[in-house]
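Worksheet: one structure, shown below.
Just so it is clear, A, B, C, D, E and F label the chains in written order, and each chain counts residues from 1 on its own.
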Amino acid sequence: MLAKPRFRWLPMPYHSILLFVTWLLLNNTVAPGHLVLGAFLAWGIPMLTSGLSHPQPALHKPIKTLRYALMVLGDIVTANLEVARQVLGPLDQLHPALVALPLDIEGDLPITLLASTVSLTPGTVSSEVSQCRKFLYIHALTMKDEAELIATIKQRYEKPLMEIFSC
Amino acid sequence: MSLFWIPLLPALGVLAPIFSDRFGRTSCAFATAAAPALALLMLLFKAPAVFRGETLIASVEWVPALGMQLSFRLDGLAFLFALLILGIGLLIILYARYYLSSKDSMGKFYAYLMLFMTAMLGIVLSNNLIQLWMFWEMTSISSFLLISFWHNKTEGRKGARMALTVTGAGGLALLAGLILIGKIVGSYDLEVVLQNGDLIRNSSLYPVALGLVLLGAFTKSAQFPFHFWLPHAMAAPTPVSAYLHSATMVKAGIFLMARFYPALAGTELWVIVVTLTGLATLLLGAYTALFKHDLKGLLAYSTISHLGLITLLLGMGTELAAIAGIFHIINHATFKASLFMAAGIIDHETGTRDMRRLNGLWKFMPHTATLAMVAAASMAGVPLLNGFLSKEMFFAETLLQHTLGSLSWMIPVLATLAAIFSVAYSLRFIHDVFFNGEPIDLPKTPHEPPRYMKVPIEILVGLCLLVGIFPAFIVGGLLHSASYAVLGGEVPYYSLSIWHGFNLALVMSIVAMFLGVVIYHNRRKLFKFQSQFPETDAKLVFERLIQCMVRGSVRIQQFFENGSLQRYLFLLFMMVAVFSAKPMLQLINTAGDRPELPLNGIAITLAVILIFSAVATVIWHRQRYISLLTLSVVGLVVSVAFAYFSAPDLALTQLSVEVVTVILLMLALFFLPQQTPKESSPSRVARDLGIAALIGGVFATLNYAIMTRSGISISDFFIDNSKPGGGGTNAVNVILVDFRGFDTFGEILVLGIAALGIFKLINRMKVSMPSGDIKGRNWTKDSHPMILRTVSQSLLPLALLVSAYIFLRGHNMPGGGFIAGLITAVAIILQYIAHGVDWIKPRLKINYQWAIAIGVLISAVTGVGSWLFDRPFLTSWFDYFHLPWIGEFELASAIAFDLGVYITVVAATLLILANLGKLTTTHRPTVEEKR
Amino acid sequence: MNFILELVVSIFLLIGGGFILVGSIGLMRLPDFMMRLHAPTKATTLGMGGLLIASMILFTLREPGHISVHELLITIFLFITAPVSAHMMAKTALHQKLKMISRTRGQELIDPASQQLAPKQSLEQGNDGVSVKS
Amino acid sequence: MLSFTVIVVSIMVVVALILNLWRLFAGPDLADRLLALDTMYINSIALIILLGIWLGSTLYFEAALLIAMLGFVSTAALCKYLLRGDIIE
Amino acid sequence: MEMLFALCVGVLTTCGVFMILRSRTFPVVIGLTLLGYAVNLFLFSTGRLSINSAAIIGSTTEYADPLPQALVLTAIVIGFAMTAFVVILAMRGRGDLGNDHVDGRIPEHSSLSDKERK
Amino acid sequence: MSHLVVLPFLLPIFGGLLLLLPPIQNALNHQRIFAIFTSILLILVSATLLHTSYTQGTQLYMLGGWQPPFGIALVADPLASLLVLLTAILGLAAILFACSGDDETGMYYHTLILLLIAGVNGAFLTGDLFNLFVCFEILLIASYALLVHGGGKHKTQASLHYVILNLVGSSIFLIALGILYGMLGTLNIADMARKLPLLTEDDQLLVKVAGLLLLVVFGLKSAMLPLHFWLPRTYASASAPVAAMFAIMTKVGIYSIFRVHTVIFGENAGNLAFMAQYWLWPIAILTLFMGAVGALASSNLRLLTANMILISIGTLLVGTAIASEQAAGASFYYLLHTTFVSAAMFLIADLISRQRGKAEDRFVQARQMKQRDLLAGLFFIAAVAMVGMPPLSGFIGKALLLQSADSGAAMLWSWSAILLAGLAAIIALSRAGTTLFWRVSSINDEGEKVPTAKLIAIVMLLSCSPLMVIFAGPITAVTTTAAAVLHDPALSVDALLPTITQQLGGY
């Protein structure tokens, strides 16, 4: 399941693409000179840093990834409106809770992505991962029902992530 | 030019004993004597010319800046002294051959002696004041070595140190005096000085100059009150005493007075000071000598007394008195040298110098006794001996002078008194040692010394007799030429005959003889009388004085230097405050004429945040973690301020440095206590706040004053030339890599050295680590949180890309090698934080030490590269190129320079932080076990 | 056109500023650390997104032919790092067993969480939950 | 209009900064102060972006980017200190 | 604005100097850092304050004085190197001397001892 | 185009850095040989530079090809060149001495010494005040690292004080620089001298603050009172060759006082002409006093030597206080002398310590040294030179300086202070010598013999003293010229700012 360097001379292809795009973003340009320079850097930097990375599960569904990202973005906006209301509203109506989310997803990167998503979206902050990687401890700003919260997260975020990483 | 050889030969002779020591004692003595003998011969060849009244001068340039030539001058006075130095010196060499025991290092002794002889000759032959002083001080040093020759004896060490201190102090005064004379006259040339006596005497600085010169002379010649060192110099081997205290060292002071007689003498001040000093010394020496039980002690005080006599004569200011003084110099040298040598023989043969034990030696060593008795008689002033003649002249002069006005009669009376004691102690020397019953348990059974040990005494005693009987024939010429030199012109008539008729001087002599015998006869009563006074040992007093000084110094030092950095810093800040506040008090306009920027609420709020955070840092400084957080806020606001005031480069740099610094401080905090105890008293806090506020206020005022003043600046040059001259549009960066690239080069060097130094510090560091945090909670076991690990990993390539971006655009836009380097370093540090040293180590195999060297070298080589084009170091080059499709781009040597900066920054930062991290990795398990 | 541009930019700016302020108000107002953590992590991050979009629009449309998309990078960066920072701080708070307000549910989880253990008694419940789901 | 909005938003950000500073000073725990500092980092990014908009200059973008990157590292390190004491081990 | 700037410099200086006068190494380092900020701001301001005039040729019409900026940049870097050294030296001092007092020993009259010492 | 001027800076840097890289880095012996080779080369280069600047006049080197005052210029006048040569000789001695073991007790010894030399040389050669700051920092950071060389409590403790004090000093330096740039708009020393008279009287007061703050900074480096506290402990705890090398460090401060306060605040400075004199007099006298007190209070030879350095600093400060061309010339001669001799004394103290067992170099009774005569001889020569007694170089320096005092008050103060301090030195050193060498408790043959390399290093330094006497004529000719150049505005200012039509902007 773990991605092995598929090409010796291009150890991290996704990274390289990301870096290439980033370079163009940084320079606000698609001028030929920067295309060349960006390509060079996108190739060279992974060459240098590949030694310093843990092997991670590969992305299998790029399209799904994009869709997931957009969904999260939407959730962030709505989550924030909710949080704003909660923060500015009466505080005694908040019912914070600490919850242990059982994990089905495996692998460092997927778990990290899930944790990050959880932190960015409705009223929850991921606080700790158990050593066995089976539980994600979550703090909720306000929670009505624990089971519902867990189910939502698993349904809305964990499942697509598992699909993306095919695990 | 042959004049040079006279001092030079003994100087070279220093080496002779060192190399000939191994060939036996006699060979060593002969080898040593060769140089002075030759010098003496050369001196004698000059005698006719000198006696004709000529002054021989030989000089070469040496230190023009000091007005110092190497210049020697031989006139009558110099001739007389050189003769004594060389002549008696040769006798001493012979004498010492037998005196020194086989345990003593003869080579060393002779070498010191030659050094001393050179110095003495240098003094008497100098024609330049500074040169004279040079040799003068050399006598102090070499006599120190000679006096302390038996340095395993406390006596020798302390005596030598005392002599050195006193004569050294006098020497320093003399130097000041001589320079003063030189300033008055405008030259250090003795010839010129002696010709300008009136100029000197009329100068307003004359009293000071005279005082300083006399201080030198009096200390050297053991004049009251500086006489105390001389008796303790008797710890030296007797040949040394015989040499130093008869003809040389102590006579140097006398010589000085005689030498400067034409320039300094003749004023009322001179007469009073010199006369009174001489008189006091004469009396004190003569009186004290009688009570000394040590044979050499008696001779020492007698020497002091005779030196006083000569000083008195030179002080009286009449020409004939001066002549008498010079005559007595000769006579004293001869009889005192022989007496010392005799005393040395007695000491050598009996093992003691205590006159209470030494009795009746006549039976054991009649030959030596005879010689000693003749010399002692001369010392007492017995007719037909040379001592009598000069003493007669002395008496005659005391009767003629009017030095003390209506009290002038006291001088002949006191002189007679001194002569009485002089007769008494001479008598004691003869009677108490050679007669007066049987010796009392001597360590050795005395007998005559080796034959040749007596030869020097025989020669000198012979001279005493010859001069005493045929004065004019033997020393007439010598005395005349010396007097000619001292008086600096015509010599008045004087008679060198044994019989001057029955006059008052003769009466004084007879009275002295008679009363001297009477006093000696009744000595026991006198001894008893004297014993009721506590004897003050000058050495003890001196030592106590020195101890007192040392203890005082220690106390002063401990008072000021209490080892407290806070005090040192306080003084530093005080100085800053005083220096900067004083001119500010005089400043009329605080604000200048430059219009100020308008204020706005956002800036005010940011300033408030800055001020509050800074103050909070101070208030919470005992809780170190919090102060670190507030400090970060200060840094953040400063960065924003830089951005606000049009300095994006500075903002970037400040930000990145800030983060690295905070990481560093946190690393340190782990090994340091996490809290600061309360130690300062409220008054201390108030004091510190006061000085801090003062400095802060002054700096703020200065800052305001400068900012509001319009001024001139060279900065337009950089704006104008940044693009055409440096090839970049970011003027700040062009200054850094081009206009002032040298500064930047130095800066990365500093960074590199700091990293090396820190590595050095870390290398042997012993650290203690807390097993829990500030509230005693244990640390978590999760050393590398998974999520942090995962994300940091992905951030690394991104950060590297950003740093490449910052690096490449630096020349034209905010950025550059330094910032890029810090970004890279921070990104890698993040990896260290997230993954730990053990994980990174095998994956990142960079030798940071090499990388630092290579980084700096890249910059340096880029700079040196311009030499190929015959341009100075760090001259930059750039050009624009065109490639199809890609378009125009620029290549500049500054990029290579900046690359060096980048590499150095990365390597230095990582060398510091990564190694600091490593420090604990190996120890960590033990800490965990402890829980 | 110019007015519309300014309007759009202004709206985004105000949205951004508003969220930033909300984040800080939350930071100030909320009663315990874990709750306070929510406000800046979400609101401030989103607020930043608003500002950056405003900047992006402004600099891209102000001059024709000039695009300014690099602000996107900061946004992406913040969205990657903010949850991690929050996670680390939450982890710290759990480790230090910081007090949560009393009505917080699931406080018994603080102990296992701070030691990174599985929640013992809630393990069965968790299993139940999974079984319910399946 | 835009300049007015920028001023208004700046004031909002600055007020946010003040609130953060209050939290930094008030604590009560180290974690609170740390969170306040982290938020201040983010808010200062906002301030710099606003400065860029106000001046119509893109020169300040890098500073903002850098604060984002470095602020994260700084927060991570400060957390690590509270967790482990030793931030690099 | 200049007055405000100068005020900040003054306060930073005051705080820095006061902290430098403390007796333990860590506060002293903090003090040196604060003084460093003050000094950098001071040096920077000798090019006079100006807004929207970064010395990037072509970006504006008026340019701030780039020279003090370059000097401050150098000073920041050097200051960083020096701070790093003194921080490590302070650690070394704690290791070698057993306490973190700047004099390497805790004065006897001090009522508080170094509790953290092991 | 000749690059001679920049070589004394670059050569040690290249040498020092190459030492860090393979193949030299691999073996200590390679490092030693390479370091010695570099320092000998440096001596040759410096001597050539001195010859050039003495015979052909001041050498100006415009770094980066930018004209002063815009770029940084190196200015090799006779004074700077002379001091560069002095540094090179000292460096060789420090490297040579360490080759028999001292370089093994810590890392990077040779590199750090060479980089220290680079910093010192840079400070001597630069004509730019900010670059002087940078060079100061180079030499300081190298000195920090060297100070802890060998390890041990005392070094750590002394370093803490030394480093913190100097960090504060650096801050003050920057403030002063800021004021100067803010008011004069330039960093070039010569240019500052030219622009100072153009300011109004009120504005000049601000510059005066800067000048006095610089005096504090340089005073701290040169250990003048009351900023001297770091010196005795620092020097006494540093390892011997480092202490010897440090002998030049205080001189950098003195040099800077001469450079700044003669050129910028010299004859042409109007109201500010020689404004530091007012403070320098009492400071110099007090420094001499504290030096003398310290010398008398010293309990071991290294401390004593450190205090002797303090006395020499006081003496040199008298030279700065007199502020005449003649005094400057005298001071330069004395500076050379005292640097050689005090460096040698530190090295000798180390040899003595190693042969006296636990007593080390403390003034207590102890066992006899294995090579007492040799060490006593070396000590004697160094001591005689140090107290300024003939026939060694100290006396010429002292006499020159005394001679240069020209007013009655100057004579009174400088003479009495210098001469009395000299007397204290005589007392202290004679006590030291007699105790160390003659108060012997037992004789045994333990202790290491003096290694040849160490002996060579010491003899090299010591022989400079008699050589400075024998060749006093030519040497004083150089120092006199150096002083003349420094005091001549045409040479020290105008000649360094060639034909620029200054287009000055304003704020």
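Criterion: contacts are C-beta pairs under 8 Å (C-beta built on N, C-alpha and C of every residue); 3 or more make two chains touch, one makes a residue touch a chain.
All values derive from a computational prediction rather than experimental measurement.
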Set of chains whose contacts include both chain E and chain A: B
For chain B and chain D, chains touching each: C, E
Between the pairs A-B and B-C, the one where more C-beta pairs touch: A-B
Chain E-chain F separation of Cα centroids, rounded to whole Å: 28
Centroid spacing, where centroids are CA-atom means, of chain C and chain E in whole angstrom: 34
Mean-CA-position distance for chain F and chain A (Å): 62
Multi-partner residues of chain A (at least 2 other chains): 22, 26-27, 112, 115-116, 126, 129, 131
Junction residues of chain E - those touching two or more other chains: 20, 25, 38, 40, 42, 45-46, 48, 51-52, 54, 56, 59, 65, 67, 71, 74, 78-79, 81-83, 85, 89-90, 92, 96, 102-103
Numbers and ranges of chain C residues touching at least 2 other chains: 18, 25, 37, 45, 68, 70, 73, 77, 80-82, 84, 87-88, 91, 93, 95-96, 114, 116
Contact pairs between chains, per stated definition: A-B, A-C, B-C, B-D, B-E, B-F, C-D, D-E, E-F
Contact footprint of chain C on chain B as seen in their complex: 773, 775, 777, 780-782, 785, 787-788, 791, 794-795, 798
For the chain D and chain E complex, residues of the former touching the latter: 55, 57, 59
Contact footprint of chain B on chain E as seen in their complex: 1-27, 29-30, 33-34, 37-38, 40-42, 44-59, 63-67, 69-74, 76-85, 87-92, 94-96, 100, 102-103, 107, 110, 112-118
Touch list for chain A against partner chain C, complex: 22, 25-29, 76-77, 79-80, 83-84, 87-88, 91, 94-100, 102, 112, 115-120, 123, 125-132, 134-135, 137, 139, 141, 143, 146-147, 150-151, 154
Interface residues, chain D side, partner chain B - complex: 10-11, 14, 17-18, 21, 24-25, 30, 33-34, 36-37, 40-41, 44, 47-48, 51, 59-60, 62-63, 65-67, 69-74, 76-78, 80-89
